[in-house]
Structures are given as structure tokens and as C-alpha cells.
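Two complexes are shown next, each including chain A; its partner changes from chain B in the first to chain C in the second.
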Partner chain A sequence: MAASTQQLTADVLVVGAGIAGLQASLDLADQGKSVVLVERKPSIGGTMINLSKVFPTLDCASCITTPRMASVAHHANIDLFTLSEVDGIEKADGRFRASITKKPRFIEEDQCIGCKRCEEACTVFLEDDFDHGLGAKKAISIPFTNAIPQYPVLDADNCLLCGACAKACPTQCINFLQEPKKVEVDAGAVILATGFELTPMDAKPQYGGGAYPNVLSPLQMERLLAPHGPYGGVMRPSDGQTPSSIAYVQCAGSRDKSLGVPYCSRVCCMYAIKQAMLLSGSLPIADITIYYMDIRAFGKGYEQFYQNAKAMGVEFVKAKVARISEDESHNPILRIERQEAGTGPEEVQHDLVVLSLGMVPAWKPSQGGLIAVEADTDGFLKSPSMKLNPALTTIDGVFAAGTATGPKDIVDAITDAGAAAMAAGNYLARTQPTPAGHLP
Partner chain B sequence: MAIPVDPTLIREIKRHGAFDVSACFHCGNCSAVCPLSDAQGNFPRRMIRLGQIGDRKRLLDAPDAWLCYYCGECSDTCPREAGPGEYMAALRRYAIAQAEPTGLARLMYRSTGALAILTLLFAIVLGAFLVSIKAPAEARAWLFDLVPYETVHSVGIGVGVLATLAMVTGALSVLRRFLAGSGRPAGAAVISALRRTIAEIATMKRHRDESAAKAGPWHANAAWSHLAIMYGFGGLLLATILDFVFLVLLPLHLTTFWPARIIGTLSGAVMMVGVGAAIRRRITRTERSVEQSLAADWWLLAFLFILGATGFWVEVAVTLRATGPVQDIVLLIHAAMAMELVLLAAFTKLAHVVYRPIALFAYYLRSQNTA
Partner chain C sequence: MSESEQQGSERKGNYALEQLKQLRARRGAGTPAQIERSKRGKEMQNLILKAIADEAKTVPEIAAETGLPEQDVFWWITALRKYSRVQDEMKRGDFVPYRKK
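Coming up: the complex of A and B.
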């Protein structure tokens, strides 16, 4: 199947469909600009759709993210490419030419009706990446319940090619021979909303190298807390018991030069407090302890949120967790020095521990691809005018939104995306005298 | 009890090598990550706190600074990059300076120039002293035109007496400090603490445990190079004592006492291997503990290296029956520096040979009292 290259022209190319990329795309599209939005994962929504609730409002993340996702997916001015990677962007004559690879889902999207028959028929169970390894998924599956678009993806590496899904499919849309497709986009401006990743669980050898089953990443805890989470409740991965003592290790991936992350990731204090509150709700008799260096509750309503958590009985212990080990029952043991006690280092055992991991860029210019913007010393994209025009990058016409330029919470990422959309709009008005943006 | 706050103390300690310690905000990571810290020896954070509030008495009364072997893990993982490991090293220098009354150590730690000038001055005084004991006629004539023989001789002896006194008073003062407030220990406890102290010094087990986690060849491991230096130095000391006993004290009229000669040669070789490895570590800066080398650190290694090198030179010369002014000068340098090293023990890094065992003894004694 030799696929011909699809050619597209747009006002703005947006890379990354997390909440910042979605917001920037919507802000531009609502103003009549044409947008091509490219997402490397099979669904849009980024990290936000993966969360249970958001701080400090405790809104349900699914409930407020899904409408945004749907608006983008159905917007007449937005061309959406999921499971697609931008291989490179070249700037010539004031325009940007991007080559995109649309990876195969191994289904014909125009025929799929999202009925999930294939998923039901599939006999291969895999680790579910949406649940961060806590749950299972099929080798052909829709990434998660409210994924957009609602197309399944076939994991070619693990598929047995048994044909069960193809037999079950009512529209015969499964195509085991599907090839990657090339798309070329000619755009007037680019917004990079490449987002963040959490620091790896095994980054700090003192924390057991990610080998302890009852030491979780914060996103794993988000999934346990989500109403449609993998276990249907908060349980210990090692034995399925309900934990009665849960600890948060703050700054487990930030403010630690030995990890190469000397900066503060800004969101960890707040998400830990939020999860602690949610845990107090779902496990009312559990003891929840947050080990911290200092609590950084900087946003509107955040300090009150922190005080509320204290009032709810969440214990805050000023002590940096230096080491984690575990006993034979996989109970994590934290080694700390309580500042107020003065009795020397001690070891405290908990049932479940969450490492408050930090944020690192999901894409760094040094790894190639995309476009040769400059990175800052922290690895995130450099903002040459950080104070007055934070959406700028080091290339004129290329803007950055959300956590591409540094750690941000959702509120700031959305504000930032609006700023990037506005800056891109201004740039188009300046450079494209006859806007290409009058849409079909 | 009221605690006197003294903001000048931390500034004073910082000048001994703890340049970043003011950044500490007491999260306790250093004490908890430390493989050696426990309830009886709780460091580095508690020590930093005492330094920051300026509680000089409690700081100097604590043996904790000497329980640390500076693996550097606290500094590597410090979220504030406050250098708790460097602080502990600075505290040891500060403790050495505080334990001797002359102010000489303080001067040498704070000023590299003073260290160089004083080292040279001592070398000249001791060299002249040695020459004065048994010098060739022409050297006598040249030297004692400037300074009378009697002056040189009595200055040399005076320096020796003062330095010995400084070491003894220093040792007594830290012993008194470390044991203050612990009451009168039972005899059995003292014996057990002594036994554990000797075992630790002989095997350096705490030091080896601490650096065991680090990968790399033996010569990149601080514990092993320190063991080599320690046993080498000890062997040389033993050989010197044996030589003194068998060649000088006993009326045997021997020219060479072979057991001492063999022990000395082997020990010298072992020490030179250790010194070489230590110098290599400090030059290549392979780990945190050798990232920052103060003049005082180089001073001791340089002394040991020069002593070892000149010692082997003299041994070869003796074996080959080589004579002449070069051999005389090398021997003079060797002897003068060896004397200087011992005489300055109380004022330099070498004082740890006395203070660390005392601190370990106090720590083991305290562990027993609470056990």
C-alpha cells in the first residue's frame, strides 16, 4: 500500500494535544484561524485526562477535560492528527513546512464505529499504560473510556495475528497491513505544546530504584483514586489490601541536583495535598502523612487548600525522606530525620508510599526532531522574553505553550496557552498580509 | 537552659572550608541519608544547627564531627547544595584549631600564605637544629656565624616541648569535652568501648562500610587508600622505635637492625601506594569528598609523599654506600620534615590521629549507656 503524501495548509501548527495544546488550538480556531493539531499518543487530553480530580477546586478532571477534547475534535477549523509524530519543521520564506508521520492504528478510521467488539474478542492482555501498569488492556483496545478519537489501536508488537478481532468487527475495518502515512503541513506559525514527563521512578537509587511494588508514582495514585480506576478503589498493588497508612515523599524528583533536576516542579505539593484529601475521603480511617521540605502553596486558593488538608487530619512532617527500603511484606520503610524531634534519624513504616515526582520536559531540542529552538539550562524550552512575552521561543514565529517552557499547573498552562495563541495570532497578522485562514 | 546565640560562629567555621553551609534549611536529608548517623551520633544536620545558632560549647563537646568519614552522600543529595559533608570537614579543622591554645592552627587553616611561611620557618628551625647536633665543620662555621649554636639548639628543643605539650593538652581537652556530662562510666563499659574503638581503628570498618556502596577500583576507594597510609605510617613509626631501641638504647653496637629495616621498607612502600592513590583521587576529583581540597589537605599528603620519596632515596644511598652533599641534603630534608610533621601534629590535619580515636571512644561509650 503506497500511501501518497497528504498536503495541508494551515495558519498554525500546534504540536501536542495536552490541555495547553487543546486550549491554544481552540483559542485560534475560535478566531477563525485554521489549525493543524498533532498528538503523538492515540488520544488527545494529555496528562489532565489521566487525573482523578484537580486542585484546588476538586473538579473531576474527566468532567472538565472531555468537553474541551470534544470541542477540539469537532471544531471545523482544527485538523487533528493523533498517533502522529512531527518529524521535522523547516522555516522558509516566513512559512513553516512540517513533515508528519501518521502511525498505523491497524484499523480504517473512516469505517470504525467504536463498538469495541474487537477489544472484547482479543485474547491478549497487556499492561495498561493509561493506568501506568496497574491495570490491563487488550492488544487491540481504545486507549481509555473517554479517549478521543474513539478508535482502537492495535499493538503490533504484541498481537498474535489470530484474527479474532477481524472476525468480530462488524465493519471489517481492521487492516493488519496498514502502513504509516506521511502528511506535509504548510503553516504560518507553530505552537509547541510538547508538555512534560514525570521524573523516572528509578532515578534515585536511595529510593529503591522503582522496584518496590507499594511505592507508587503520583499518576498511579491518580488512577487508583479515579472513579473508573483499575482496582475500583485504593489498594496495595502487592497484595490488594486496603492501606491504613499512606505516605507522600515530597521533592522525590525535584530540587535534587543529583537527579539533574535542581528546580522546583511547582505542582507536587499541591497534587500531594489534593491526593491526601481525596484519600481521606475514600479511606476515612487511614493515616496520611506528607514528608516535606517546605510546602509551596503559591496559587490562588492554594494556601487555604493546604490549611484545609491540615484541618482534615493530614499529617505534615518536615523531613526530607533520604532513603526507602521495604520489609518482607513489601511495607515501604522511610528513613528520615524529624527536625522537631532532635533524636536522630529514624525509620518509619507505611503501607503505601507515593513519590511526589517532578516534571521534566517531554521533548528536548537536544533529542532532535521538531525544530531547532533553544533549550534553557533546565532542559525546558528557552523563553527569550520570559517576563514580558513568555510565549516566545528563540525562533521567530515559533511559540511555546504550557509546560514546554517549564513546570506549570493546569491553571497556568491554560493561561499560557491563551498567551501563545494570542502571540501566534499577532505574528500571523504581521507576517501574512492575506491570511490563509479563510477556511473551506 | 538558655542558649547563647552567636552569629559569628558560623562565619568562623565557614572560613575553615564550609563555604555554602548557610544555605541549609534543615530538611534533615543529610542525617537520614548518612550511612553512619544514628541516635548517638546524629549528624550532620544537628551539627549545622549548633553552628548556625552559635552554640560553640555544645558543638565542640560533640564528638560527631570525628565520626564522619566524608563519603559525600549527604552533599550529593543535599537539596540546598549546602555541602553538609564539607561542613563536617570544616568542623574537624575548626575543632583542631580550637583544641590548641596558640592560634597557630587557626592561622594555618585560614591562610594558605601563613601555612606556607610557617611550614618553611619550622623546616629551617628544625633543619638548623639537626645540623647543630652533628654538622660538618664548614656548615657549622657558616651557620653559627649567623646564629649561635646554643640558641639554635635550645630553640629546637623548645619547639619540640611546646608542640608535644600542645598535642597532649589538645588530646586532654577533647577527651574532657567529649566525655562531659556522660557521668562516671562503669569499668566494663570503658573496656568494651576501648575494645570497639581499637577494633574500628584497626579495621576501619565504619569507613569501609560507608564507601562500600561506591563502585570503582580499590585505589579509588578512600577507605582503602587511608588504610594503606595508616598502616604504612604506623609501620614506619614502629621501625623507627625499633631502630631507636636496638641501635641506640641497647648496647648491642649494631650498624643495622634488619627486622626494623625490613618493616620500614615494606611500610614505606605501602604508605607510598596509599599516598599515591590519595593524591590521584584529589587530582582527578572522582567523588564528592575530593572535589574540594584545601591547602591543609594537600599539606599532609605532600609531607607524606616527600617523606616517603626522600626516605627511599636515603635507603638506596645507604645500600649503595653512596655519599656526598646531595645525600646529606636529602637526609637533612627527610629528617627535618619528619620532625616537623610530628611536631606540628597538634596544629594540622594529622591531629585526627589523636582526636578521632578519642571521639570514637566517646561515641561507643555513649552507645553503651543508652543501650
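Coming up: the complex of A and C.
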């Protein structure tokens, strides 16, 4: 089926609809700039919509993110493309031409009413990526409760073609033969808000991540702590038991040259402390231990947050974890060495362990594709003026927001996004012709 | 829904079923591994639902009764709970008992 290419012109193309991409798009759109926002996942919201609460205020993450998601989706100056990949961006004559592929959801969006009857009827259960494998979804499903847009996506690779979804759909909007669509965007400036990923769970095989059921990633723990998490509470994936002893292993993916991540990821200490405090609230009799090298609590209110955690009974042990094994009941056993004189290696058993994984770029310029900006030595985008104008990249007119340039917490990512929006606005005022009758 | 809307809807429904026929002819209804996984999943769901049909049970109790691994039982309980086939009961010690809805 041949599909015609949609052509769009915009002031700014924003790549990535996590919290930084959302904020940059809103700031520009509120200034009257037209924005095309492209997100590769089926919903906007990025990693932040996956979190339970934020540090150090313990505000609900969803309550901060969802209004921004809704504003973006309904803003007259923003064209939103989800489940879409930017194949490439080229600069010519001072403008940027981007080629985008909108992948098929296998439903007709203009007819879908988001009733979820297709999801209820589907008989194929799969691991839910929103819950990081802890929960289940169907082969056709709306990505999560407050996803925007509220359309389901059919996983064509796992669909068994039973037709139950098509029979259940009241508007008959399922289209099993839907093809990808091409979109071309002509933009005056580009903001890259490509975000981050966590280091892989199995990057350090000696920690058993991905192999032992009760060794979790921090995002899995976020889902367990979330009000609508997969289990309805904090439980062990191996058997549904409420844990009475939980450990955090700090620097499990950062500050390690052997992983190619020699830098500090800046957020791991604080998210571990935040989760420890939330666990203390939801499991008051549980022992929570954080094994750390240094605690880096550098932001406003962070040191007080750390002291509050200690006062709440969270135990901080300055020790290096050498390896993790498990017993026959899937209890993780940590071999540790305390950094105190006169102590030797010892083994400590816990019910559940969280590996404080580090941050790596979700898109590396070295992967190619997207646009030919330069990478820094850490793999994140290089800013030629990190201290004076961190939104700049090595291409004039291309700006970076959020964790695209390096690990950041949410506060810094949002501030950074505002700076990128301002820089893009200034660039447009300097380079793009002003419509007749308008003052520059 | 008016009669003409109903007819339009039925036409579109038939269109989707036609598409399915084409796809089944082109690639079959899933790989043998997918079909086997789906069959095994249905068997596990049935065993679990049967075990908790009359009485709420914890994951270790269901695993002991059905012979399924505890981890698999818990994953299926989570799946069935999400789609309202199973409900939680009052916590018993460190475990939540589950009952078929």
C-alpha cells in the first residue's frame, strides 16, 4: 500500500517527549512558535511518567508530568507524533529538513475511542515494558493508564491473528494491514531531547541482575512503589512475599571504567535515598540498607533529605559489594567488604536487592542516524560551551535539552529545557526571515 | 447506532476479518514457539484459576497445589489481577492471598 508523504513546516523540531522535550515544546509554543514534537514510544512522558515520586520533595511524579503531557497534546502550536522515529535531519540553506517514520499502531486513530475492549478481548499476555517486565500486558494494549494519546498499539510480532480484538472493537478501527507513514518536516531549528537509558542489568554479571528474580533495577522498584504498580505493593517477584530486608548497591553502573561509564550518574544516590524513604513508609518494619562508596547529595535540599533518611532508620554502610549470589529460596546474598579498619569480607543476606544503575545516552551520535552532531568523551552530546550556554551543540541551530548532554536530575532537566527553548527562540529571531508587518 | 451506521460497522468488521485471512495465509498464526507459549500460558491460567476458585490462596500455596514454579504463579496472578480476573484478600503474614473473581 503506497502512502503519501505528509509535509510540515515548523519553527522548531523537538526530538524526544520526555520531561525535557515536553517543557521545551511548551515554552516555545507558548511564545507563539510552531513546534513538531516527535517521540519514538507510543506515549509521551518519558522516564518521568514511570516514576512514583520525585526527590527531595516527594511530590507525585505523575502529578507533575501528566498536566504537561496534556498541555502538549492539546496545544494549538504543537504537532505531536508518537511511535515515530526521526530517520535523519539535514541542514540546507539555513533550514533543517527531517525525515520521520510514523510506525503503525494497527488501529485507525481517528476512529478509536480508547474503550480498551480490544485489550480485554485479546488472549495473548506479554511482559509489560512500562512495568519493566514485572507486570503483564496484552498483545494489543494502551501503554499505561494515563498514556497520551490514549490509543492502543498492536504488537504485530506477538499477535496470533485470532481476530478477538477486531470482533470486540465497537468502532471497527483495527487495521491489521496498516503501513508506516512518512512525514517530512522543514524546521528553522532543532532541539534534541533524546534522554537517557539505564546501564543494562547484566552489565556486571557478578551482581546477578537479570538472572536472579529478586535483584531489581531502580525503575522496577519505582513501579513497585507506584500507587498503580503491578503488584499493588512492594513484593518479591520470586514468590510475592513482602520483603523485610532490602538492600541498595550504589555505583552498580557508574564510576566504573570496565563498563565504559567512568563518570558519576549524579542521581543514583538521591533516587536510592528517595526509594529507601518511601519503603520505610510503606514497609515500616523492613530493614533498608544502602551500600555506598560516597553519598553525593549536591542539590538544594538534598543533604537535608539524606540526613532525614538516616534519622528515619535507613542504614548507610560504606562498603563495596563484590558479588551477589542467591540461596535456594531466591534470597540474594551480598559479599561485601566494609571500608573500615580491621574488617574483612563478609556475606549478608537480604530479601530484595536494588542495583543503582547509571545513566547512559539513549541516542549516541556515534550510532549515526538522527543528525551529525558531535559526541563528548562520555558518549553524550558535546556542548562547545558547557559553562556559558549548555544548550549549544556542535551544529548551529541544533540545541540539546535534558539528559541528552549528560546525567541530570529532573529539576536540572527542566531548567535545561527552558534554556534550550530560549536559545532556539533567539536563534530563530537571528536567522529566520520575519513575516511582513511583524517587528523582529 | 443507526441502521446505516450498523451496516457500515459490519462492513468494516468483515474487512478486518478479510485482512486476518490474508495475514494468516502470508505468515501463519504465529511461530510454533509463540503458539506453544500461548498454549502453556492458557494451561497455567486455568490451573491457577481452578486452585483459587473456592478459596483464597497465597503464591506458595498455589504453587504447591499446581506444581508450577512460584515465580510463574506470581507473574500470572499479576496478569490476571490486572485484567480483573483475580482479587486480593486480607494479607496473611508476609503474603497476600488471591481469589478468583
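Note that in this section the second predicted complex is superposed on the first by the 432 of 440 C-alpha atoms of A that agree within 3 Å, B and C clash if a C-alpha of one lies under 4 Å from a C-alpha of the other, contacts with A are read in each partner's own complex, and residues count from 1 in each chain.
As a convention for this text, contacts are C-beta pairs under 8 Å (C-beta built on N, C-alpha and C of every residue); 3 or more make two chains touch, one makes a residue touch a chain.
Bear in mind that the values here come from a model prediction, so they are computed numbers and not experimental data.
When both complexes are superposed on chain A, chain B and chain C fit side by side without a clash.
In the superposition on chain A, A:L161 makes contact with chain C only, not with chain B. Contacts of A:R335 after superposition on the shared chain: chain B is touched, whereas chain C is not. Set side by side, chain B and chain C differ in how many residues of chain A they touch, and the one touching more is C.
Of the two partner chains, chain B is the only one touched by A:S258; chain C is not. Judged by the touch definition given at the top, the superposed model places A:G368 against neither chain B nor chain C. Once the two complexes are overlaid on the shared chain, A:K318 sits against chain B while remaining clear of chain C. Touch criterion not met for A:G94: it reaches neither chain B nor chain C.
Of the two partner chains placed by superposition, A:G32 touches none, neither chain B nor chain C.
Residue contacts after overlaying the shared chain place A:G209 against neither chain B nor chain C. For the three-chain overlay built from the shared chain A, the minimum Cα spacing from chain B to chain C equals 30 Å.
On the chain B side of its complex with chain A, the touching residues are 25-34, 37-42, 45-46, 76-79, 81. In the complex of the two chains, the chain C residues touching chain A come out as 9, 12-13, 15-17, 19-20, 22-24, 29-30, 34-35, 38, 41-42, 58-60, 63, 70-71, 74-79, 81-83, 88, 91, 94-96. Contact residues on chain A toward chain C in their complex (touch as defined above): 120, 123-125, 134-136, 138, 158-163, 166-167, 169-172, 174-177, 213, 230-233, 235, 237-242, 244, 330.
Note for the complex: chain A touches chain B at residues 206, 251, 255-258, 262, 293-294, 318-323, 335-339, 342-345.
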